[in-house]
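Just so it is clear, A, B, C, D and E label the chains in written order, and each chain counts residues from 1 on its own.
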Amino acid sequence: MKIFQVEGTLVATARIDKLESRRLLVVRERGGSRSVAVDPVGCKVGDWVIAVGSSAAKDAAGHKDYPSDLTIVGIIDYWNTEEAGPGGAT
Amino acid sequence: MKIFQVEGTLVATARIDKLESRRLLVVRERGGSRSVAVDPVGCKVGDWVIAVGSSAAKDAAGHKDYPSDLTIVGIIDYWNTEEAGPGGAT
Amino acid sequence: MKIFQVEGTLVATARIDKLESRRLLVVRERGGSRSVAVDPVGCKVGDWVIAVGSSAAKDAAGHKDYPSDLTIVGIIDYWNTEEAGPGGAT
Amino acid sequence: MKIFQVEGTLVATARIDKLESRRLLVVRERGGSRSVAVDPVGCKVGDWVIAVGSSAAKDAAGHKDYPSDLTIVGIIDYWNTEEAGPGGAT
Amino acid sequence: MKIFQVEGTLVATARIDKLESRRLLVVRERGGSRSVAVDPVGCKVGDWVIAVGSSAAKDAAGHKDYPSDLTIVGIIDYWNTEEAGPGGAT
């Protein structure tokens, strides 16, 4: 999965039927170019999210025939870079 | 999905049968190289579009055996970078 | 699909059985690195072609189990960057 | 497969149900950007790992419908750059 | 398919069961970063090989559930950049 920030909501009236009326968001990797992702989670502008690509994007969007190659699967709270347990960080 | 601008119509007479006579468009990402996409939407030169890749491109082109890895799924009207509701932009 | 120029024919005697004796071509994107594509069309050195990647490359090579991730699907004649009809170019 | 170093554990409370409660790790390729991988192996921060992408990431995560496009499949001990047997290095 | 040179054998004791005990090689594209490929062909260090990615890597590794996204499919002998027949090079 890749890490993106949500930049806005995309409006595309002329679309193939299979896209349905799902919410499409413009997202951007840090220092990267813009992509468009399907949002089944309910993100808002500015959120940092993780999105899945490849054929898994179809599963994540709800069903195997949904034509997505990038689907948001979660909103990032934070991440730990230190090992919590006694194992310690290397 | 990625954002592309339509640059022209591709003519390729010698092709595999499975490509059928579908309309193929030359498209380009901003600052990127040219790609070729199947167009089931009906775009014209200059349109900004979203296109799906990966195995979803086959579904988007109409059936699971269609040999596409890039299919246009919508024409972009515009996108909002401000949150519309009371949630506000972050 | 991506646009490549055919550079030559690849000879690889030691290969997995599933590759069969299909013709493999060395191809190159403009300004990019070399790739190897299966050729069911019959291209010659110097041709500009379109090739499909992702899982569609398997379908394009003839059957769903053929281990290709890049298959040539057409030879490019030319492309139009002007809208032919009364719709006009944007 | 690609080689990554584990940087930390990702916390994402708002997520699609299909992600379940699997452990998600922030990983980084040498000199590359951060990605997020599912970890069925049990890695700790600092480990160098191999992770599989594409549709194989779903299989590696346990079942064909799991929405992963990057799954850790092993922890690297080391690699040999010399041929061990009498065949010798080229 | 992409062209790689074999750099060494990877040792990863902690791995998911589905990887089995297959031979994993560290490979590198000319001027690119290292990847790890499954080797069903029997390559040695220094060999130039072609490897298949995408979902075809699973088929190439032997069965549809094998979690590979990069599988070596042949060892390169050489390639011709001149058209052999009377058709001539363009």
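Here, a residue touches a chain if its C-beta (ideal position, glycine included) is under 8 Å from a C-beta of that chain, and two chains touch if they have at least 3 such contacts.
All values reported here derive from a predicted model rather than from experimental measurement.
Taking the definition of touch as given, a chain qualifies here only if it contacts chain B and chain D alike; those chains are A.
Here the CA centre of chain B is 19 Å from the CA centre of chain C. If you average the Cα atoms of chain A and of chain E, the two centres end up 31 Å apart.
Residues of chain C in contact with two or more other chains: 53-55, 57. The touch graph of these protein chains is a ring, one cycle where each chain has exactly two neighbours.
Order of chains round the ring, from chain A towards chain D, by the touch criterion defined above: A, D, E, C, B. Within the complex, the chain A residues that touch chain B are 7-16, 18-19, 24, 26, 33-37, 44-47, 53-55, 57-58, 65-70.
In the complex of the two chains, the chain C residues touching chain B come out as 1-3, 29-32, 40-42, 50, 52-57, 59-60, 71, 73-84, 87, 89-90.
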